[in-house]
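Reviewing the structure listed below.
The first chain written gets the first letter, and so on, giving A, B, C, D and E; residue counts start at 1 in each chain.
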Amino acid sequence: MPDVLISVKNLKTNFYTYAGVVKALDGINLDIYKGETIGLVGETGCGKSVTALSIIRLIQWPPGKIDEGTITFEGRDLLKLPESEMRKIRGNKISMIFQEPMNSFNPVFTIGDQIAEVIMLHQKKTKKEALAQAIEMLKFTSIPAPERVAKSYPHELSGGMLQRAMISMALACQPELLIADEPTTALDVTIEAQILELMKGLKTKMGASILLITHDLGIIAEMCDRVGVMYAGNIVELADVSTIFKNPSHPYTSGLICAIPSLATKQACRLDTIPGNVPNLIRPPEGCRFHPRCSKAMDRCKKEKPGVYDLGNGHLVSCFLYAEGQKQ
Amino acid sequence: MANDAITIQKKKSFIDDWKEKNDSKIKDWKHSISLFTKSPLAMIGLFIVIFFMLVAIFAPYLAPYSNNWRDLSLQSQAPSSTHILGTEIYGGDIFSMIIWGSRVSLVTAFAVVLSIVIFGTIVGAFAGYFGGIIDEALMRVTDIFLAFPSLVLSMVIVAALGSGLQNVMISIAIVSWPTYARLIRGQVLSIKERNYIEAARAVGSSDWRIISKHLIPNSLAPTIVQATMDVGSIIITSAALSFIGMGAGPGEAEWGRMINDGQAMLLNAPWISTFPGLAILLFCLGFNLLGDGLRDIMDPRMRR
Amino acid sequence: MTENLIEVNDLKKYFPIKGGIFSRTVEQVKAVDGVSLSIKKGETLGLVGESGCGKTTVGRSILRLIEPDSGEIIFEDKDIMKYGRSELRHIRPNMQIVFQDPNSSLDPRMSVKDIIGEPMVVNKKNGADMEDKIGKLLKAVGLNPVDMYRYPHEFSGGQRQRICIARALALNPKFIVLDEPTSALDVSVQSQILNMLEDLQKEFGLTYLFISHNLIVVKYLSDRVAVMYLGKVVELAKTEALFDSPMHPYTQALLSAIAVPDPAVKRSQRIILEGDVPTPINPPKGCRFHTRCRYKMDICDKVEPEFKDIGGEHFVACHLMDKR
Amino acid sequence: MKLRDYVIRRLLLLIPVLIGISFITFFLSHMIGDPAAAWLSEKTAGQPELVEKIRAAHHLDDPLVIQYYYYLVDLSKLDLGRTGRNEGGRPVVQALMDYFPATLELAIIGMILCLLIGIPAGILSAIYKDKWVDHIVRLGALVGVSMPVFWLGLIVKYWLSYKFGWFPLDGRLPYSITPPPDVTGMYTFDALIAGQWDTFFIAVRHAILPSFCLALISMAIITRMMRSSMLETMTQDYIRTARAKGLSERIVILKHALRNALTPTTTVAGIAFGGLLSGAVMTETIFSWPGIGRFSVKAIGATDFASIMGFAMLIAIIYVFANLIVDILYVYLDPRVKYG
Amino acid sequence: TSPTTVTPTPTTTTKDFTLVEMTTSDPPSLDPGLEYDTACYSVTQNVYETLVWYQGEDVSKPIGLLATDWSSNDNYTVWTFHLRKNVTFHDGTAFNASAVKYTFDRGVLMNYPDGPWVGAGISSFLKGGDEWMASNNTEADVQAYLANEAVKVIDEYTVQFTLSKSYPDWMHVLAFPATAIVSPTFEKTSSMPYTPNNYTDTYLKEHMCGTGPFKFISWTHEDNMVFERNNNYWNTPAKAAKVVVRTVPDVNNRLLAFEKGECDFSQENIRNLPVFKNSTAVVNDIRNDTLLISFIGMYEGKAPFDNPKVRQAFVESFDYVTYRDQVGYGYGSFPHGVVPKGLAGYNANIPTSTFNPEHAKQLLKEAGFSKDKPVTITIAYNQGNTGRQTGSLMLKDTVEKYDLGITLEIQELTWATLLDKEKKGELDMFFLGWQADFPTADNFLGPFAVSNVYFARQVAYKNATIDSLYDQYFTAANQDERNNIATQIQLGLLNDNPYIVYLQPASYYALSKDLKGYQWNVMLSGFNWYPMYK
């Protein structure tokens, strides 16, 4: 078994809003191994971003708070670190790129300044050195004319360029974990292909682990080693990529995969659907959060929260179908 | 089958029917009210506003002296048991005058707000919706009005029309409508881009229908907030004009005028100016607190 | 009498950019620059392309929700480009549109009943049975008739999109433009909507212009597909033909860029396009794709390729076709 | 568009506005009773033949349009006509030049107070949203906008000057102190230029109450604006990015958020400056401050239409230009802004 | 007449002190020949000097100031004045007969419609003055006027005035501060000399150069004016080394300045008496017998005041005593006619008006007023005048209590609007006041009583009998006969009731308790700084 880089145990994050408490994460368990790309997939609002932000402790209070759990990184529990220590990790050992490259850069500073800032912060370099290194980083992500890009303001660049710059910035301090929260969702297909290709290439060069968040199963299939499928604040299934696609075990996972039209097959058949909608997390369904939409729901599902069941080979499922005695 | 369902529905009582149909509205209101009650400042504001409204309505019962009562031989008397806030320079009872003055203030505020909201909305909606030359022309006109600081312009307008409360109201209205026209125009410009406007056009709705059914109702929320907040500034402006002698007439129970009348006696009878000023402060604060609270409620980020 | 419900010929729409000291039009966004296509009765034409290539503009222009600058739009053999305001209002019930973002497509201050009823009211078809009709429409799109008294914010995104579709159906249109109706929705909901659209098409005999940037979805729903790049249609063919043997280099790149949700499919080679889509303000001369094209020839940046049939109703605009 | 083009465009756009301003002021002031009356006293008013003489002497018999034409011609020569008898009939421009520095001084000191108090208060309030600091600042700002300034002036004068004697009663300088050599006409700044520190402090002490009263509303507005734009900025994605870099909260706020939040506040500050100038009408009356505000009130009392017009013109023009400058400043604060 | 010279009583001062006067507003300008305004005279009279002034508080006794003595011909049309010698202007030039001529020609030729020369009729007294004013004011007209030699230099120290008509009180006119002698050289060497018929930019508006005991130093508009003692004064120099006149509109600030010893004297409105009343730092100088008349005009040109009964009813509806007690705090006297006490022509036997509401109500009933026919009567006053405001409120309260359908609408107007409305006959009643320019009875009888001039025209009052009586006034043989005519005119007025003449108000000066040497200025043209010290 490969080395565990970071280990998340029973992570619960809640948002205390005016309308009520949003129970966004309902006990997440996740190990990220060194050097792997792990994907988190799920529909809007299922808690992918909150998971990512919880890991680097960027949930803002108010309204959000990590109420329970541990996140072990290099032998320390990140959730117990003082803020000043945590700051030394952010951007340095764990860094993050976001969905909207346009909005993720500060509009009033140049790209170069913003990349240099993180270098100066964590590597104690002078502004000049940091700027030089920033340009190096830009080159690294094969941006044409990196010097010019460094002097540009965000609004002067296209989305694809900005996302490359974002990646440069995230990689500037050679992090051990790169969290990419839907890095290509805002981009066009052809640009998405460029960025994914770039990330693949960089991963082999840098050796960092990547936590890739997306709602696009296609990207998962293309990029990831392992996948976690999330539904309403839970990781309902976790396995390596081929298992998930070939042998989806959770009813939600299989529903999800079948709901996507296939490019390869002909259009003759109707699409499978998952009835109903994603639940409101202020009043999530009792028991298994998926049960109201589940075709295989049992009485037990309505009352109890299913545990995590290991189907072997690191294939974890959270569903009573696989509980002891139920196992088919 | 389908018919059955309909007959079953019809058997329900009128009230149940109404409740069912307006269920969403009721929920929405309840939600708004619960949001509102969570903000103590807004509640205080609402309380003050209601308080002043009640005072204005029941002025004849609350005021110890009638509207124009004065006794010249009791000039500038200190607060006492007969005149609990003292008397002003013409021997009027300050407490009664403040009570009567709440009527003046409320009437002024509502008359002005109503007229500017209506006029500003019409102009803003037309400019925003039709765009082009109409927009350009109307906005240039508002530019000119907005080029003056409002107090200066209303001062000049009252000077032109002659002093008096009515003219003060007219002048404040003339000065304030461009703000609303701009506000509504901005709203309309952004709402115009929403797809439901396009959908309405796609089904063949007329311009008039789109403006009146979609644009104006949807741009009203920020306008109402703005208008609530503006009540304060309208009252302050009108009191200010009265203070420099352009507003309410002699002997009228208008707070600004009362402050002005007491100005000369500030050292000897500070109560004459102090109490009406407090009344203005409280009145405006009430509306501003309320407006602030309303804005929070209408802020979609809070509504979530 | 042709079998085409709609024919679009050489449609152009330039958006002016104002600027300079006197706020004159200094530049133009050539959003749609000579698009021709036709949609047969009862079929679904898919329109794909990257963001900003002019798909929405084509869709809205066909309904004359924006005024195209030039071109012909022939609906049921009549050129509606020549129609005045009142004539336009008469044919409006025949053609409807569903937008990408269901949130902004519904007036938040109107109840569902008012929203779906609006087309009927506007077109004076609001009889006493209006509520029944609305109830039926809601059923047709998979909602509960009682929902008509609720307001849009009480519905989920997918449900809102259903309301939008119900509104579009209210006047029994012949033709509906679907402008990315599922791109704001989750995959699980997307499949519900796609299925429903198919059902409705059969039930009401509808003709769709289905706009999307998601090739997989387009493939699923469309009979024929048109591919747009920078304001122009570069390829148009039957769905199978296009996906099996894409002719235009851009279509090829687009298809190869799709991330296929199947780890087993290992593509032989992926075509990665260099650079970004140029701005439609000053689109490249000649073939607009030449700046990113792998097969760029000398002629490409000088002469605009013709959009022509290479056989089997497969239209392509590329100089490579001449070489064959 | 280039900055130069933008400025030229804005200046050109000012022309119709300025013509509109002149039009409004002109016609309004001609509605103010008989313009000839500005030259009449209680004693002479009863003699109509004098009125006729005055009318003839001031072209008041011509049709309004012709008078407006004369007015525009004079205006192009920077001639705003003559004051009425209340100012001895001297040129309006001269009177404005006499009084304006005093007002400008108040407005500048007021603006400094506004920014010094308003911006930090807004930031604090945003950072400690829904904490007691926030409640106090918000309530303070609401009280600020609800405050009848003329009343506040009386009250602070009563307590701080009369009762406690902390501040001087009125005026710009005690008569026993010779004003510093005239450079700007603003005593505080002139004192600084001349290095007369004593005079400077005395002048500041005189200015502090009136400029505080003057600035209160704008201060409240700036505070609220700063708070809301700060809150808005703090929700932006780039703030999250900045945090994800490992920056400390202080740097995130003071470097990344502040720069962006200042931009909308700048616009408000531009408008606030106009508010300060017009607020002078009240404040100067209360604090016997010899500026254009008091000048205008006097002019209105005397129906001195040329002076009223000149005053309104001056304020409107400064207002318009202040906004123009703010818009240009915007460009430096926010590189995204495209002039348009 | 044989004048005596002014004898100020200066004593040598031990230390230089500054006197501080506080005023409510700035003078419009400093040109005494242009401004018809007490705020102007109250400073100019300390820098400039007139030919004639008064002894103490007795206005019937003119004495020489820059003149030493004077005489006239028998029918009072030609007057010869002998001038004081060895007097110099502040610019060092000598005062002489040509300075007098310059001053008078300047005043007439500037022809400022609102100035004292036109407004108070000084130009009109002089031979050729009326013709000049009626002319087009061309250069030829200037020469034509000068050819009259209305003011003629006889020798260095003698001037001769030729009047257009007989006027026995000419020396009173020469005491009017508008006729103060200005330095001809000062203005002519400056950048802006006056030219005939151009009164807008005279140099003297912002600068002063006279012969008086104080020299002008500076004027910061709406803030302060500074004056210094003239050590070359022809008489003993004044005691104060410096005088500062500060503009302090807020009465509270003035009171506090008194208490802090930062103010020495100020002219106050009687309405401010409660402010100063309790202060030990202030001595209140209140004088009842002033040359002021306060009254309300009733416009006879239309209903309801075309009916004499209504006018009489309103005269009887004003509560004179309460007004004096509550608004004037008991100060001021009730006028017997329109000529104030202290002037020749005053007659204490003319009855004062009285408050008689029952009778007034009766009269109004007779005039046809009733509850069923509501009538609104407008009454206007100039903004800011709280005394008049109270007066209107009182009248309103009284009249509305009659319950005869009369509503009194009070209008508070700026001066110009008031004038405008009055001219259009839109106002039924309006408050006015009159202050003597010259302490003569005709200065009151003319404006009040003569058809088509002044107040009489404002209220559309016409009485042919009175007009002919007024003509006889000037040709009367002696003072007694003139007094008799004055009484007849006033009795006629009392019968017709065109005005409610409600008060001869008090004048009020606040003085610091340390101030010494103060003398009341009977003409109410401000403080005489010369004798004051502390």
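One rule holds for everything that comes next: contacts are C-beta pairs under 8 Å (C-beta built on N, C-alpha and C of every residue); 3 or more make two chains touch, one makes a residue touch a chain.
These numbers come from a predicted model, not from an experiment.
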Common contacts of subunit C and subunit D, by label, are A, B
Outermost chain relative to subunit A, judged by CA means, is E
The larger set of C-beta contacts, choosing between D-E and A-D, lies at D-E
Separation of the C-alpha centres, subunit B versus subunit E, in whole Å, is 49
Distance between the CA centroids of subunit B and subunit D (whole Å) is 25
Between subunit A and subunit E, the Cα-mean centres are separated in Å by 92
Listed in rising order, subunit E residues that touch 2 or more other chains are 250, 252, 256, 383-384, 414, 417
Residues of subunit C that touch at least two other chains are none
Where subunit D touches two or more other chains at once, the residues are 32, 162, 285, 300-301, 303
So, in the complex, the side of subunit D touching subunit E is made of residues 32-35, 37-48, 50-51, 53-54, 57, 82, 85-90, 95, 98-99, 162, 169-172, 175, 179, 285-286, 288, 290, 294-295, 298, 300-303
Within the complex, subunit A is touched by subunit D residues 129-130, 236-238, 240-248, 256, 259-260, 333-336
Interface with subunit B, subunit C side, in the complex: residues 60, 63, 65, 88-89, 92-93, 95-97, 99-101, 104-109, 111, 115, 118-119, 122-123, 132, 146, 149-151, 154, 164, 167, 170-171
Residue positions on subunit A within touch of subunit D in the complex are 53, 56, 58, 62, 84, 87-92, 95-96, 98, 100, 103-109, 117-118, 121-122, 153, 155, 169
Note: in the complex, subunit B contacts subunit C through residues 6, 20-25, 28, 194-196, 198-206, 209, 213-214, 217-218
